[in-house]
Amino acid sequence: MDLNETSDESAFRAEARAWLEANVPTSPLPSFDTEEGFALHRVWEKKLYEGRWSAVSWPVEYGGRNADYIKWLIFEEEYYRAGAPGRVNQNGIFLLGPTIMEVGTEEQKAKFLPSMASSEIVWGQAWSEPNAGSDLAGIRSKATRDGDDWILNGQKIWASRAVWADWCFGIFRTDPTADRHRGLTFILCPLDLPGITVRPIAQLDGDTGFAEIFFDDVRVPVANTLGEENKGWNVAMATAGFERGVSLRSPARFSEAVNRLIHLWRTYADPTDTALSDAVTDVWMQAEGYRLHTYQTVTGMLEGRPIGAEASLNKIFWSEMDVRIHEIALQILGPEAERMEGPFERWVDGFLFSLSGPIYAGTNEIQRNIIADRVLQLPKGM
Amino acid sequence: MKFSFTDDQRLFAKGLRDLLANECTPAHVREAWESHTGHIPQLWTRLSEMGVLSMLVPESAGGMGGTLIDAILLFQELGRAGVPGPVLEHMAVAAPALANTSWGPSLVDGSQIATLWVDNSPYVAHAQVANLVLRNEAVITGFSTSDAHGIDGGRQLFTISGGTETSASAEVFGLPASDVMALSSAAYLIGASERMIEVAAEYARQREQFGKPIGSFQAVKHLMSDALLKVEFAKAPTYRAAWSASTGAATAVRDISMAKALASEAAYRASRSTMQVHGGIGYTWEADLQLWMKKSWALMRAYGDATFHRRRVGASVLSK
Amino acid sequence: MDLNETSDESAFRAEARAWLEANVPTSPLPSFDTEEGFALHRVWEKKLYEGRWSAVSWPVEYGGRNADYIKWLIFEEEYYRAGAPGRVNQNGIFLLGPTIMEVGTEEQKAKFLPSMASSEIVWGQAWSEPNAGSDLAGIRSKATRDGDDWILNGQKIWASRAVWADWCFGIFRTDPTADRHRGLTFILCPLDLPGITVRPIAQLDGDTGFAEIFFDDVRVPVANTLGEENKGWNVAMATAGFERGVSLRSPARFSEAVNRLIHLWRTYADPTDTALSDAVTDVWMQAEGYRLHTYQTVTGMLEGRPIGAEASLNKIFWSEMDVRIHEIALQILGPEAERMEGPFERWVDGFLFSLSGPIYAGTNEIQRNIIADRVLQLPKGM
Amino acid sequence: MKFSFTDDQRLFAKGLRDLLANECTPAHVREAWESHTGHIPQLWTRLSEMGVLSMLVPESAGGMGGTLIDAILLFQELGRAGVPGPVLEHMAVAAPALANTSWGPSLVDGSQIATLWVDNSPYVAHAQVANLVLRNEAVITGFSTSDAHGIDGGRQLFTISGGTETSASAEVFGLPASDVMALSSAAYLIGASERMIEVAAEYARQREQFGKPIGSFQAVKHLMSDALLKVEFAKAPTYRAAWSASTGAATAVRDISMAKALASEAAYRASRSTMQVHGGIGYTWEADLQLWMKKSWALMRAYGDATFHRRRVGASVLSK
């Protein structure tokens, strides 16, 4: 155990910090869930790519720096520290990208990864369906083989970024006789094809971070299949595991939020009110605990101990912590917490967004089942 | 000792519930939100006709002459329906406080609309649709408003400036406006919580995952039961606070604070649990749940949040 | 609504207070879960009976005062205020007694109620079995008809007070072909009969408040059946409803505990520590809320609105409140909270006892199911 | 940056686990409780032979020369087994602190037993089986004890009086005894929590109600998952605190306090949840669960409770 950075790690941190200080936009970009904001975030991603900072953990040949997980965490710390923009292509770079590297063909890697790293192609995610939310195995959207093409039909929902994205990835039922997790295939699909209708879904804050996607005889080449046909569930679960495990919410995000909370507390709160200072201390400990836990996890991954169902613990932990951070901030803000716009809107908006955390990427109820069944070995009960 | 409402009180509340079921559906509330007025004029007229707006105004001033006990179930029904606009401010404070002033008649018949500006907030809710704003010791008219973008479209938030001040008292039954609002908000929040729970229970009966209604899963059952628990145990304290306020009990302020603290926390819990039960749908603009959630998030902080009121209770019961 | 006492109620309160002040033992009795303490508590119950205070809500003819529920609550308030001993015959007076009055024959009433009111007969409760805890319908103990007798066989567990009690009541399977809730019969049985073995169960604190009861061809008259044969479930559920609803834990118990907590806080705590004063205020509000809720419930009962599944709400509320009250007390006590004996042992003992609250009389998990199913009308899921 | 243990560290911990699986079963622990000594002499000898007792004693003084990083998994294993007696006090503080005094050799080989008297308690745990009590700046010998009736039979509590004081330092690695005990207790509590969860999971797999193992019910699954969550997220902070203490990091005290606060709360949560999963059985003397529950209830308060340590963390991170 050595929790000091190596000189190599420190140099990496310094390089990232210097680049970010020189390049991060001085005023915040508009939300990437607006047309204008989406475009501006794409420009930012392009700049990141040009500095080779858009996908630091990727191989150099695809635009990355071959950074190990520790360095990835260091980069994330510097990124949040610099107050840099949200990652509009997170679905691609952090979710789909690693999956393509694991199961994609060389041709797919060459085709999709560089344009992903540069955000020339921004990816939307298309997994859930109206009747397949927590129960992803209930998927009904179909892909029917026609020569060298798939014909896609059905409806997806909760497709994040899909309103403005270029492509999407999702799973489709390819063997109608197979049940639940079987007979599904992971398919990549441009969003501008004939037969595709994207209907934005307005969130609680009015923004459209999600969409429904309707597929009506949409034709894509079979070459767009990722991984084996009818094995899409396994491909998707590999992605979901990585998402829940580490990359979906890097610790730096919460450390940064807690730092802002402490600043808010110092500025506006009564320092003698122990109920409040205890609450702030608690979330500081949570964010710090999550950071340490993640360093421990990735050290384990580097030493060959893969992350398993424990990923579900992370999902519950960060999502509940995020809600709590924002609850405390809103309590400190008092009457200001009632305003959607104004000097503190980031906190109010962040509160609303935090409420989606215990729901998306598998509700926390599902995660608790997974922990009980796979980690604690309790009997299945569904 | 008799802790119950009279048949008349129950029937009046039932009458209001029936009225609101028709005149204040989620579609009506959405319309008020989307019109950026946060107000339903036709409903206002009906509430006036029914005597809701003037419930606390003495009969001598043309009102119903009711007490806060008579009114408490009405506040709760208003919350169940998520009635938008300054109905609590007008009914619970402005109309009774100004009943014997020149504004009295127009407030009793609802032809003028009043709202409040309480000390602990820089904002005035509903100012844009209000003809007058009642502040501690003054009525303000002819003010101009600037939108402060409140989270609840049924409780639009403004800063106001300019206007003319006329001195007036904002006391009702010997209590300051903020306390009467804390009490009426507590009841409103209870109604809103009950509605969120009903809406989520209905969703949980319909929505299927893993081949069953999600309401059949223990995790959902327990989320819902715990939410209900907090609401049910906020009710008796709220009704007691109405009694204490009506009878001038020495504990009135403590009892109001207890009600507001419990109701605020119950409403927050209900909003969290029912949103979780809804899943992604609960996070959308389309789902009606937001109408009560956002109202809860606004009112739980307005007129003193749970911490403020808990500390007032603590100051009363721990000292000595 | 009138929350002032009537003059009649005030007079009743004054009379109770005066009698208790004159009669409550000046030093606490030993635990009624010891032989000596049990005997002393029986003596106390006798004295209560002689003052006609042992069962105030019972009809005058059976030793009560025909007090309505409001007066019962007033009596309880005075009882706890006076620091009077625990009720060793609670199983009888508050649980079985009301059931006998509801479904018993005149002969049973005459036989059992007066000796119950005077605690000449102290009752143990014998419902649960090793494989029928939360799932009471899983009962296997049998009663087999033999002429005018039942022959009892089987095993009961968690029989409270049964170590020293005189009689017990329980449900036994009388129709072996019937399933679950059907074919059970409610039977009253002396504990000194041949074939009965009572094995004390030591609790966390070492006391034996519970016992296992083994029935080996125990013969009791069929006249000891309470209510209809094979309808024992309904009889038991009526009792359980009353237990969970009002009488098991009267509000005064918690108001009294919170008053002691406030005294502890005033004596030992830092008054500027808002985290702690908030916690104490919270449980004060809970106890006060429970008191108000109970007054509302019993007013409703007096006006003809019976208590239903809402009783489950009460059970969860008081049991969680009781744990919380004791958690806060132990936090204030610091190192003293580690001692089982000493000046603060009532708090430590009370903490241990409080932990059984969320478990007995139907676990809180079961209560939450009941609320969800019967109050919220969610679909059954077990 | 490398946040993991070496193979040697893992193997040593595994060796200790294997030893304890045989030498410190629940039956052994019960025996120690019921003998009113709270101590297992034979186990003590084995712990000495294995080098556990002298892990933190420098090699120059005949010890294993380990760091707190080397020891932290051992504390955790001791907690898993619920090892009774003054093993933490002796191993983590007294032996290394007194290694170079005349007591050193007998503490290293375990032939004498030491315990601690920390400032914030009037009680001395394990005093009856201890030959010496280490206090802030003194060793006390020849004292007499009076039973204070601790709740945990494996951590018997006494007041002591009389005896002879000899001056000595209770510092270890530059930290006061109370901080080293807070760190070792945090790890011990984590081990105890893991064991409670394992025991309850095993019970939940076996125990049937409503025709199914109770572990198949979501309510039980979620109680258990939430308990595990708190324990798992207390681990990395505890290991980090061991590293900070070993390396003399400026944040060592803050990091130890964070560990003790989190581990205390995790252990309490584990005790509550696992007892609830056990139902009535969990409330009995017969159930082994009490061996770890009572240990948790004792250690979560000893050497600073969660509030004390949270406030120390707060003082460090909120100031400035």
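A, B, C and D are the chain letters, set down in written order, and residue numbers restart from 1 in every chain.
By definition in this document, a residue touches a chain if its C-beta (ideal position, glycine included) is under 8 Å from a C-beta of that chain, and two chains touch if they have at least 3 such contacts.
Just so it is clear, the structure is predicted and the values come from calculations on it, not from any experiment.
**Student:** Tell me, which chains sit next to both chain B and chain C?
**Tutor:** Chains touching both chain B and chain C: A, D.
**Student:** When contacts are scored as defined above, which chain pair ends up with more C-beta pairs, A-D or A-B?
**Tutor:** Here the pair linked by more C-beta pairs in contact is A-D.
**Student:** Measuring between Cα centroids, what's the chain most distant from chain C?
**Tutor:** Max centre-to-centre separation from chain C belongs to A.
**Student:** Using mean CA coordinates as chain centres, what's the gap between chain A and chain C in Å?
**Tutor:** That pair's centroid distance is 53 Å.
**Student:** Based only on mean CA positions, could you tell me how far chain A sits from chain B in angstrom?
**Tutor:** The computed centroid separation for chain A versus chain B comes out at 38 Å.
**Student:** For chain C, jot down the residues that touch at least 2 other chains.
**Tutor:** 274-275, 278, 365, 368-369
**Student:** Hey, what residues on chain B touch two or more of the other chains?
**Tutor:** Residues 217-220, 222, 307 of chain B each touch two or more of the other chains.
**Student:** Have a look at which chains touch which and call the overall pattern line, ring, star, complete or other.
**Tutor:** Basically all the chains touch each other, so complete.
**Student:** Tell me, which parts of chain D touch chain B in their complex?
**Tutor:** 217-219, 222
**Student:** Residues of chain B touching chain A in their complex?
**Tutor:** Touching chain A from chain B are residues 120-123, 148-152, 155, 157, 208-210, 214, 217, 219-220, 272, 275-276, 279-280, 282-286, 290, 293-294, 297-298, 301-302, 305, 307.
**Student:** For the complex, which residues does chain C have touching chain D?
**Tutor:** 128, 131, 133-135, 138, 157-158, 201-204, 206, 210, 275, 323, 330-331, 334-335, 337-342, 348, 355-356, 358-360, 363-365, 368-369, 382
**Student:** Going by the contact rule at the top, pick out the chain C residues touching chain B in the complex.
**Tutor:** 1-6, 9, 70, 262, 265-266, 271, 274, 277-278, 280-282, 284-286, 288-290, 292-293, 295-296, 299-300, 303, 310, 313, 316-317, 365, 367-369, 371-373, 375-381
**Student:** So in the complex, which bits of chain C are touching chain A?
**Tutor:** Touching chain A from chain C are residues 272-276, 278.
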